[in-house]
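Listed below are the structures to be examined.
Each of the two complexes below includes chain A, the first together with chain B, the second together with chain C.
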Partner chain A sequence: MTHKLVPEHRILKEEEKQEILKNLNVGVHQFPKILKNDAAIRDMEPKQGDIVEIKRKSRTTGEAKYYRVVVVE
Partner chain B sequence: MSKKIPSTIEKRLEERIKLIDVDTSTKKKIRKEVETEFQRMQVTSGEAVGVIAAQSIGEPGTQMTLNVFHFAGVSEMNTTVGLPRIIEILDARKTPSTPSMTIYLKKKYAKSEDDVRKVAAKLLHVNLGDVADDISVDLLNFRLTFSLDEDLKKTYAVKVKEVIEMLEKVFKDCEFKMLKTEKIRVKPPAEADVKDIYKLKVKLLDTFVKGILGINHVLPMKTESGEWYIKTAGTNLKKVLEIEEIDTVRTSSNDIFEIGKVLGIEAARSAIIHETLEVLNQQGINVNIRHLMLVSDTMTVNGEVKGITRYGVTALKDSVLARASFEVPTKHLFKATVRKEIDHLRGVVENVMINQPVPVGTGIPKLVYRSEKDGAKKRDKSSK
Partner chain C sequence: MKREAIKDKIAGIEFRILSPKLARKLASVKIMTPELYDADGYPVDNGLMDLRMGVIDPGLRCRTCGSRVQDCPGHFGGIELARPVMHVEYISYVYDFLRASCRSCGRVILSEADMEKWREKLENAQKEDSLVQVDIGKALLRKMKNASKCPHCGEKQEKIKLQKPSTFLEDIRKLTSIDVRERLERIPDSDLIFLGMNIMAGRPEWMVLTILLVPPNTVRPSITLESGQRSEDDLTHKLGDIVRTNQRLSENISAGAPQIIIDDLWDLLQYHITTFFNNSISQVPPARHRSGRVLKTLSDRIKSKEGRFRHNLAGKRVDFSARTVISPDSKISPEEVGIPYEIAAELTIPERVTEWNIDWLRKFVENGEKYPGANYVLTPNGRKKVMKEAKEVILSELAPGDIVERHLIDGDIVFFNRQPSLHRMSIMAHRVKVLPFKTFRINPAVVHPYNADFDGDEMNLHIPQTEESRAEAKVLMALSTQIITPRYGSPIIGGSKDYVLGCYLLTKGNKVFSREDAMQLLISSGIEDIPNKKEFTGKEIFSLILPKDLHFVEDLEKAKEAEKNKDDSIVIIRKGNLVTGVIDKKSIGAGRGSVLQEIFKLYGPKRSLEVLEKISLLGSNVVMYFGFSVSPADTDVSPSLYQKVVTRLSDAETKVDDLIDLYNKGKLEPYPGRTARETLETSILPILNKARNDSGRIVLKEMTGKDRTFLMIRSGANGSPLNMVLIGSCVGQQNLRGFRINRGFRNRTLSHFKKGDLGSSARGFIKHGYKAGLTPTEFFFHAISGRDSLVNKGMRTPKSGYLQRRLVNALQDIKVFPDGTVRDASGTIVQFSFGEDGIDVSKSDGGTIDVDMIIRRHASK
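Our next item is the complex of A and B:
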């Protein structure tokens, strides 16, 4: 299901995750969080600690990438 | 830091650059200039963006009307606007004071008023009490009879059979029978006494028989471009999105929590921005969207919607002193004492309280001195 309020979510592969962590120079716990049972990623079988890449449509920059780490409630 | 400019600026730059008559090398120079200028205009790290956002939303907020209600359209439907609505959104109240949905329909249904009214009738929450007529309690035979009002049956598009089906689901121990006159006869369980039968009557009238639970009012409306849509009082996003005639892409609710639950945290974030911006625009107030983006990002960092209150965002703070400085200080201090909490004084508020440099702007970088004794290399002036 697509909805105008929901941007594209994608779970990063392990290599991509490591690269992001290296590029941003942060640890997993420093990311904003997304719940494992969040409606937008529920069907993608997320695991705790996965990083989700969100392609937001931004009014200021056109498209912005945002990252959230999957947490269990 | 990447030396890229966002796609929106790039697009505008390309449009402008086409219009001027210069050679490619000059164009390249212009692009470079725009890039460096963009880098220069970005917020420097350490800037106290939160304070700026608070002031930028707070100041125009003083100019907002304090009117709670405003008539939307011709009907008797109310929506909360103005400052009360802003407070409601930012405090992340569990339910808005006037929950409402904007329901768009698929193209083929959105053209004529008749089609829209049909869908609207399908959505409306109908209790048995709204359609039932002349309910009589027959104490002699110990049963209830009622009929459905002919006119109301048409307006709400209710069928007797459907009503009985719904009632049977709720009242499993009662017997329902449709008589030839389209009346419905209810036989309560054998052990029921007179008191029970009157209780049953009240319960029956309060039973939901048709439509979508929570949609209390529907109002077909028309946009300027001639498209019909439906405004409702009451929300039930999940159930409405399941209906076939609905445009599931644009249909939305004004209940942030509901959006968070049905569509996810990112949708809730966009909804916060969208809703606050809408209220501000209605009042003719111009707040830079970046401030609202910051606020909504803060409200959703934790994966669920948290308000800017002592139970929400402030409760997430690590520092005891920072939490205590917001509201009800004694409660926080006592609790922290019991739990033996340690304050590492890393935030701004704590450091203001103890009269130390705050980690903001130039307060962030620290001077580190390493003497030769600690293993620092002797600086060789000639090497650089």
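Our next item is the complex of A and C:
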């Protein structure tokens, strides 16, 4: 999905995911959540527990990264 | 202070549904009679004031635990209900359960296959680290409610309706509480999970009451009035109604009374029990006292502003605090707060006696109640001695280890607060300055963070009672640490009013002061390091309050030219010397880009405060030195100039009239999506606005820089050019609800105008200034507009207050963790870095960090 109002979503590789979890020292259940069938990531075939990296435009830093964990209904 | 070791900690609190079995166990008495006291005024056995529910009269002993008033916590009683009764607060759950379960077999209306599927999902979702989100209310219940046949026993399901407040109808047949309870009983434990209910929390049928717990006497104490008459608590009254009705119901049932009578009594019992729990349910008329006052029952005690949470738990009254009116005092430091002697002698600070301070503290004890004295001495055996006669003994026994509660003295750290406490600068730590007279005194420079004025405002004072809290107050809450606001990273405390005006007068032009005059100004402003010179310019005097190595340029781009022209248009400070520029509100006031912000950034809180102190002293001293008064003549306009204004305004009037003509002839071209009338209004507004602005400009041209009122405006001390325009030239268009005034009489605003007159003066344009005077119609329009804005303000304030409250409640537990992430109370991440850039705005430079500047500064060292 490409639209100027939808920031770039990307599913992290397992190593990247583990590194982020290690750096923050938290479990995935303490992450902000995103539904598996969310329109922004639906086509990327996400799995439950995947971490999605979102690159957003930021007023303060120009670009900011945000992470969400995929949850199912 | 007594401190006990923590033996156990509460890990959590769990709420469950009260089971009838537990209720019976809890009930130490069965309440059988509505009577309270016998002829001797002694509580009746099995009455609502039975002594087994705890004692409230001194002297009596509780018949359950044997303790006296202070020690008996009170015990519950119970009323066995003759018929089951719905519990109002559970109605919505019962309604869901009835619709989701089979009317015959009680199973949840969900096929075995569905059950398997959902059971797994639900069990998964209940795990703590689950990544499964299920909203039972939405997904499952809707599915079950709409089924028409039970998949387990094949029974056809009827639609069940809830007739508010507490009657269930199946088709048109009324379900009694007995029927409801039976149905809920039939739901098997294993099916509860599909209803969103935890088996541990209880059984659904417990939501229908068979026994009513009666709160202990201590919860509803009766009050003995002065006349000796007893007055019972609202809850006791309500319980009396319940017992009476229950008694009648049970008598009628055993006497075999007709069903109608039983049903009526049953409904009455339901009503009383409903209002006992909650007396503000819609559709239920609130139960009233004999006098017609609405009874305050259980949920009223807990809920909303006057309830237990907001009134008693979140809003506790505290000791060691004071409150009075505030007034200004520019001779004290912004960090000080002036405190009346009367208050200083009442509030105390506990100070531990040591070998080193015993002599010092002894003086306080000697003074006793006389001002710098002490009110109590606490010795290790916990005794608290009052002063006065026992003074001699106390003095002789005073030893290290005791604690002396001494009066407030100059320099103590206190908290100062003004409501509404909307941001963290609403409570700041100040230093005590004990002063005569009965108001709190603050330096006008700190009026802004508190949003205070002196028209009768009151403020609160709190005295921290431990060393730790005082240390924290000094480091985290001291006024000097709060100069930069965390909202946008610029000073919120700065020069204002006289201080700005004083510095402006001092630095404008090249005023020269004799050594004597300069000394007078500087010494009285607390500046003692004075260069040995015969004459001083104003700029030199001001420079003495700045740090010696301060560099500051107001506007880099314009700096060069300004310095060449020496036109004072831009403030340039080199090596702590004001080279060029006039100090005004922009440079020393609160807000972005001031010298104060630069000083805070480079020299920190302490230095900034010193500068601020000196600004306030020097500023007001300069104003006193020159003297300053304003005159109504300052706003006078010469006749020739006023003629220009009149011409300009009548020009506009003609233009408006032309437009109206066009409109009346139907020739006005409407804007897209607008009617011709709307187009007319939108075209007229800018014409009139421009006319006002132009007329203002005409007048201001004559006033500029000439008189003192305008000096005040120029420096930023007070007033705005608009104020001058309103007085001297033209007040302009008055609005009502965002439009020109358009109501009053039929087709006209006032009977002074012709019907349908859309001209400027007929619709609220005021072409005179306040000084020239308004015509009667103009005056009336002005009053209309004034009332409108007053009403608007009155409605906006509570609205935004509630908005603020909701926001605060939603955000209060969110904080930045040591790893830089922002998390809520459960540890769930909200932001990965505070504000996406991790900058603490209150320690930044206008919300950003200028890395280049920092490097440049360190490289040059």
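Operating definition for what follows: the second predicted complex is superposed on the first by the 72 of 73 C-alpha atoms of A that agree within 3 Å, B and C clash if a C-alpha of one lies under 4 Å from a C-alpha of the other, contacts with A are read in each partner's own complex, and residues count from 1 in each chain.
Rule of thumb we're sticking to: a contact is a pair of C-beta atoms (placed from the backbone, for glycine too) under 8 Å apart; a residue touches a chain by one contact, two chains touch by 3 or more.
What you see is a predicted model; the values in this text were computed from it and never measured.
Contacts of A:T61 after superposition on the shared chain: both chain B and chain C are touched.
Within the superposed three-chain model, A:K4 lies in touch with chain B and out of touch with chain C [touch as defined at top].
In the superposed model, A:Q48 lies in contact with chain C only, and not with chain B. By the document's definition of touching, both partners, chain B and chain C, reach A:V71. Contacts of A:I34 after superposition on the shared chain: chain B is touched, whereas chain C is not. When the two complexes are laid over each other on chain A, chain A has residues 32-33, 35, 56, 58, 60-61, 64, 66, 71 in contact with both chain B and chain C. Chain contact summary for the complex, chain C toward chain A: residues 128-134, 139, 819, 821, 823, 826-830, 832-833, 835-837, 839, 847.
Within the complex formed with chain C, the chain A residues making contact are 24-33, 35, 48-49, 56, 58, 60-61, 64-67, 69-73. Those residues of chain A lying in contact with chain B across their complex are 1-7, 9, 32-35, 38-41, 54, 56, 58-64, 66, 68, 71. Chain B contributes residues 6-9, 11, 241, 248-250, 252, 259, 261-267, 270-271, 274, 289-290, 293, 297, 300-304 to its touches with chain A in the complex.
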